[in-house]
Structures are given as C-alpha cells and as structure tokens.
Amino acid sequence: MTRTTRRYVEWTIERALFACAVGSVLVTAGIIGVLLFETVAFLREVPIGSFLFGTVWTPLFSDAQFGVLPLVGGTILVSAIAMAVAVPAGLLSAIYLSEYANPRVRRVVKPVLEVLAGVPTVVYGYFALLFVTPLLQTFLPSLSSFNALSPGLVMGIMILPLVSSLSEDALHAVPNGLREGAYALGATRMQAALRVVVPAALSGISASFILAMSRAIGETMIVAIAAGQQPRLTANPLVPVETMTAYIVQISMGDTPAGSIGYRTIFAVGMLLFVMTFVLNLASDWLRRRFREVYA
Amino acid sequence: MIRPLRPLTTFTSPPGAAAPPTGVKIAVTGLDFFYSQKQALSAITTDLQANIVTAFIGPSGCGKSTFLRTLNRMNDIIPGARVEGQILIDGHDIYHPGTDVVDLRRRVGMVFQKSNPFPKSIFENVAYGLRVNGITRNRGELEGRVEDSLKAAAIWDEVKDRLSESALMLSGGQQQRLCIARALAIQPEILLMDEPASALDPIATQRIEELIYQLKTTYTIVIVTHNMQQAARVSDRTAFFWLGRLVESGPTEQIFTSPTEKLTEDYVTGRFG
Amino acid sequence: MTAGARRLAGDRLLQTLSILVLALSLVALMTLLYDVWSDGWQRLDWRFLTSNPSRRAAAAGIYPALVGSFYVLLVTAALSLPLGIGAAVYLEEYGGGGRWARLIEINIANLAGVPSIIYGLLGLSVFVRVFGWGPSVLAGGATLALLALPVVILSTREALRTVPMSAREGSYALGATQWQTIWHQVLPSAFPGILTGLILAMSRAIGETAPLITIGALAYIDFTPTSVMSPFTVLPIQVYNWVSRPQAAFAENAAAGIIVLLVLLLTLNSVAVVLRDRIQKARA
C-alpha cells in the first residue's frame, strides 16, 4: 500500500467512525424533532393552558377534553408508591451490602438483584395483575382489579436493584477514614453507617433516588396491564387510574389515523413525559457529579 | 484516549539507502517536552552516533525514557504531549509536519520495558510488522524473514518447533527476545530499547546484553537503563540525565571514570540515585 | 438497658431489617417465577410453540411471535452492532476529548435515560410514516436498535478501556497505522467484553414491549413474517395481548409465553457467559 492510499484509507475510516458517533446525536435530534413537530400541531388545536392544567382527559369522546392532569396524576401516584417501596428497601440493602455483608453474601445477593432488574416488564405486569392484586384483595376487599397500588408495589421491586446498586456505589466511595473515625469514637457499625457514611454519601444516594423516579415515570407495561385505562385525578390507590405511558399504549393498540388529533395526543403526552424524565435525569446527573467532585 | 496520528506528506529517505557506517545518525537540538503543563525535558542538545550503542542513564523520573520516546514519536499517542525543538534523523526533521510517523516508526524500532508480545502465535508476532507494512504477502518469504529475525534475536533454537504456540507461553526473557525479533523483522535502522532487561533475571539479562552487542554492527542502538553496570557493559557512549536535563554525554569509559560534571560523578559513584 | 446495650440492639435491628428486605426481594423473585410456572407449565408443549394464535385459548400458540421476535432481534443486532461499536471506537480511540466527543458523550448518557416508549414514538413517526416502512419487522428492528445503541456504545467503551496501552504501543512501534492497531490488536483483545455487552443489549431488546406496540406491531397475527417488510408481532406483545383478555385460559397462555420468554433470556445470558469464558481460556 502506498503512503497516499494508506493515508486515504485511515482518513476514510476515521470519518466513518465519526459518522457512527454522530448518529447518536441524530437520534436525540430525531426524538426532539418528532415530539416537537407533533406537539406544536397539537397545541394549534388545544390551548397549552387547558392541556397542562385541565382536569378532564377524554380525547376520544365527541366532546373531547384535553386536560392532561389526570394522566400526570396517575403517573405520579403509581411512581410514588413504587418509590415508597424502592427507596427504603434499596437504601437498606445498599447499606447492608456496603457496610455489613461479607463477600460471600454479596456474591449471592448481587446476581439475584441483577436478575430482578433483567426481568421483562411485561412479566412484572402479569405478576401485578394476576398475583399481587388478587393477593391484596384478600386484605383489601375494596381494591378494584385495576388499581394504582399493585403495579406501584411491583414497580418498586423492579426499580429496587437500581436504587440499591447506585446507592451502594455511593456508599463505597466514602473514604474508609470517615468510618474509622466514627469507630474510634466508639460508634457501632449502625451509628457509623447512619450518622457518618450515609450523610457523607447523601448526594450520590439522592442521585439514585431521582434516577429511579425517572425510571418509574417512564415505565410502561406494568401500568398498562395492571393499573387500568381510566384517566382520573385521584390520590386513592385502590381505584383504576391511567398513566401517561399507559395512555400511549392504549392509543397505539387501537387504530387512530395519523394526523388526527387523537394521534397527536400521544406525541403531546410523550413530549411531557420526555421533559419530565429529562429534567430528572439532569438533576440526578448533577448530584452525582457533585458527589464525585467531593470524593474524587 | 488517543490523539490521531497525523501522517502527512513525506519522510524522505530513498528506500533502501544504506545508512553511513559512522557519523551522526540522530541530531537533537534544543528539545523541550511537555506533558500538558508539566515540563519533562528541557533544552536537550546532543548527537547520537550511527552503529554504536548509546546508553541513557539517570535516576528514575529524570526524563531518559521520555527522551527515548520522542525519537520515534511514541509520545504522540499521549494526550496533551507537546514537543519543541528539533530532532534530525539522517538530516530529516522528524517533527516536521510533512513527516509520516508510520514511516518513521518503521525505521526506528522500539523494545519496551515490559515485554508486550501480542496475544497471538509466536510466528504471527514476528510477522505482524511485515503484514501491516505490506512488506510481503508471499508465505515463503514471510516464513524466511520470520526465521531470520528469530535467529537474529537469538531465540530461533528455542522456538523453532512451536512457532504456532501462543507467545504468552514463553518465559519473560524469551518474550523480550521475541519482541526484539519482532522489531528486527521490519529491518529498522535504529533500535530504541527502554530498560529491556529490567524485568528479567540475571541469566536472561545476560543473553539480552550479548544480543545487543551482536546487533550493533547492523543497527544504531539507543538503550535506557537504570543499571550502571549494564550501561558500562553494553554501551560505547553514555548520556547522563538529571531532572529533565542532559547533564553530560561522552564515551562510556570517560563518563564512568573521569566525568567532567560533579553531578555525573556523584551519580556514577553511587552517591545518589 | 444500658446505653451500650441499646446501641448494640440498634445495630442488630438495622442488620435484621436489611436482611429481611433482601430476603423479601428474593422471595418476590421466587414467587414470581413460581406463580408463572404453576400457571403456565401445563400449556407448554410442542403444539404451543408451533401453532398460530387462536380465538380458542386451548388451541393458541406462539409460533408467529417467536419467529417475529427472532427476526426483529436479527435486524436490531445488524443495525445496532456496527453503529454502536463504530461510535465507541471513535470516542475511545480517536475522539481525544474534543468538543464533538464531549457533546456526543453527554448525548449518549442522556439517551440511556430516555423511556423506551419515547423511542417507539420516534420509530412510529420516522420509520413507519416518513420512511414508509409501515409497522414492519424492519421498522421494529430499527426502533429497538436505537434503543439498544447507548447500551452497546457504553459496554463497548468499557471493553476497549480494558485493553492495555502496551498492546497499542507495541503495534505502533512496528509501524502500524492507528486503524491497523485498532483492527489487529485492540478489537480482538476487547472482543469478549464487547460480546458480553452486545448480548446484554440484545437480551434487553428481546423483552421490550412498549416501543413495538407504539410503532403499531400487531397484537393478533396468524402468519409468520416472510420478509423485513412484513407485519409482525413479538413474544412480549403476544403475552400482553393474552394478559389483557379476561378469560383465565388466556392467562395460562400468557404464563406459558412468559416461561418461553424467560428461557430465551436465560439462554442468551448463558451463551454470553460461556462464550466469554471460552474465549478468555483460549487466550490464556
């Protein structure tokens, strides 16, 4: 190969690889572009105020109303239940794995948590609808077959590994000197963990909570299967609700013609979902970066 | 992460031109070297002679390895590295924008401190340079040149029956001689050796030193060593580095017996370092 | 109780609580697996694997969904692997911390956090409508490829980072160009790690439901896809379809479908582990 050919080949390959990398930017651009395009078209027909603050969501009725709050409310309700499970359980298991467990226990527990994270969400949906809900109904007779509680609990189990592994990383990053200092003052492992290590790792731990919240908000199949399809603004976890993601699935399963207002609603809802998760991801990232700066 | 190598126009030396048997092979003038902000070499000026062994000595961190790596532009792959000054090989500026680093490294071979055979067979290790440089595709010729290189590196008898075995199965000393064979296969003019025996036992070290002695008839050799006895044994000329500066250079015997600088004397007599 | 005893009791309490939580999550996993197995195992037979879905639960099978999952996964792999590996090699070996590289890195980290259903909306708009591919295997595979891209890129970069600098130096010192060094030294050394990451990405893709529903993959289909332009369904969508039927018999089908899905996942992951071990052993 002559020098010129060689240089040309090298140059071409580098450009091609660069194009692959730029492709990932195009994906983001595509997502934002598509959501923006359809949302703008949607907002030409529905004023933004009545979309964001309206409390009735009946886009397919003849007197259609486009108040997204019931979907947002349903999403937040289910996510809050999930967080109520995942945050304490995830944090406890993180403390245990990082501060107490011996390597042998870790070798058993970590793969189990990984398996929990790897189960397809449709399977969790099945579990919520056909196992957890009937089980809960034996204690709570007023629980409807579709409700926020059961998918919320199951979603909590699903995001537990995320909270646990990210929090554990944060706890691990806390220098041992801090622990030793606490032990030297006569603290038990619990006191060292709760009063010294956890506070020191707080921004890293909060980052994991926020990321878990973002994951819960974007989770689709569990709620589409087990929470119902009735948009209603309620804090009652025992009745059917509909989340933003479940709504998108509901419309996609039917046949709503492209270009119709019904079709555009899923993009408007998708836009809102994207913005919410994006803000949460940014916040989580910011906290994690701050945490790393402290202990880098 | 690696900064792209920027092979541009020509590194001009007519192919196959024989290097002059004696005289200045590498001429360095006012060389400064920086890792990002930190200056690692300052104002190095020296000439390295053809077809002899030049040893770089000095305490660790004195810049001798860094200097060695500027001679084949191996430092180019370190992000933030910067060179000022001039290095001429056979009169051609190797940091000139028109210089092709790939050509340069083909002419200036290198052996590293820690032997780094590729995770391939013994044969493929030696054939690698021939293949990537497109020197030959002919199987017979390839085999011939691999054999010649292994013989030149004094390892042929030990490996001739197991050329297809993984190079990682060899002992440390054998691996290092394989790396020398690998470098010789593409017939460089200059061979840079960065503490080639520092990880080896005395017997393996002795074989490497004997090999260096044989190779200097054909190659210009520059060796970095922290072992002064080794420098005294293998080299014709010695250069002493201290804190990024070239303190003194001259015939090895003179450096070790009657250096002009006090610092050199202190170092070679073991008063520090 | 003395202060010391109280402190020790607190310590014991925290430890007990933690173990309880971990035990509960283990129990949850076991319960889930047991529940699915006990609901579905009776439906599992050769006919279930090789039949089309049917309005009669007892006659229904998952054949089109199984084939659909397989085809979609092939398209996903074929698209996401070269793109993902290419991007990772650029960022790790060429990018050099330039402004573009930093922008791309931030972008990839953000993409990894985008909910999967949003990718479905992108696929619906771009692949199905603008490109006119319809709700086809190609559109579904491409959508999942975009979803898998950040995972492939991140795991490939991880693997590239494990290749020691000395391997690169050895190659450069012999006059190899940058690409020759990457192709002959870096990629082969990183291969086991890359492979594991890829299989992980594919095992996530095979369980994805929401984005494929969004692009309009059919829930009921009684033919197998014949080309990349065919309409299709996949295993998780078939499961979803059966779960949403009120009759208990369909729930059994769903459970049986889930067992097949989980077995596929387990197989993929075991293949990853075995391949990695074998390659590492061959190297050593």
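We just call them A, B and C in the order they show up, numbering each chain from 1.
One rule holds for everything that comes next: a contact is a pair of C-beta atoms (placed from the backbone, for glycine too) under 8 Å apart; a residue touches a chain by one contact, two chains touch by 3 or more.
These numbers come from a predicted model, not from an experiment.
S.K.: Name the chain with the Cα centroid closest to the overall protein Cα centroid.
M.R.: Of all chains shown, the one whose C-alpha centre lies nearest the global C-alpha mean is C.
S.K.: So which chain is the furthest away from chain B, centre to centre on CA atoms?
M.R.: Greatest centre separation from chain B goes to chain A.
S.K.: Would you say A-B or B-C is joined by more C-beta pairs in contact?
M.R.: B-C
S.K.: When the C-alpha atoms of chain A and chain C are each averaged to a single point, how far apart are the two points in Å?
M.R.: The separation of the two C-alpha centroids amounts to 17 Å.
S.K.: Using mean CA coordinates as chain centres, what's the gap between chain B and chain C in Å?
M.R.: Once rounded, the distance between the two centres reads 48 Å.
S.K.: For chain A and chain B, let me know how many angstrom lie between their CA-based centres, rounded off.
M.R.: 55
S.K.: I need the residues of chain B touching at least two other chains; which ones are they?
M.R.: 4, 7, 102-103
S.K.: Can you list every residue of chain C that touches 2 or more other chains, as numbers and ranges?
M.R.: 94-95, 177-178
S.K.: By the touch rule stated above, which residues of chain A touch at least two different other chains?
M.R.: Each of 6, 10, 14 in chain A touches at least two other chains.
S.K.: Mind listing the chain A positions that touch chain C in their complex?
M.R.: Residues 6, 9-10, 13-14, 16-25, 27-28, 30-31, 34-35, 37-38, 88-89, 92-93, 95-96, 100, 109, 112-113, 115-116, 118-127, 129-131, 157, 160, 188-191, 193-194, 211, 214, 217-221, 224-225, 245, 248-249, 252-253, 258, 266-267, 270, 273-274, 277-278, 281, 285.
S.K.: Touching residues of chain C toward chain A in the complex: what are they?
M.R.: Against chain A, chain C makes touches at 7-8, 10-11, 13-15, 17-19, 21-22, 24-26, 28-29, 31-32, 35-36, 39, 82-87, 89-91, 94-95, 100-101, 103-104, 107-111, 113-122, 124-126, 129, 146, 149-150, 153, 177-179, 203-204, 206-210, 213-216, 219, 236, 239-240, 243-244, 251, 254-255, 258, 261-262, 265, 269.
S.K.: Which residues of chain C touch chain B in the complex?
M.R.: 92-97, 164, 166-178, 180, 184-185, 188-189, 283-284
S.K.: Using the touch definition up top, name the residues of chain B that touch chain C in the complex.
M.R.: Listed in rising order, the residues are 1-5, 7, 72, 74, 77, 79, 102-103, 105-106, 109-110, 112, 114, 116-119, 128-129, 132-133, 166, 168, 179, 182-183, 186.
S.K.: Would you mind writing out the residues of chain A in touch with chain B in their complex?
M.R.: 1, 3, 6-7, 10, 14
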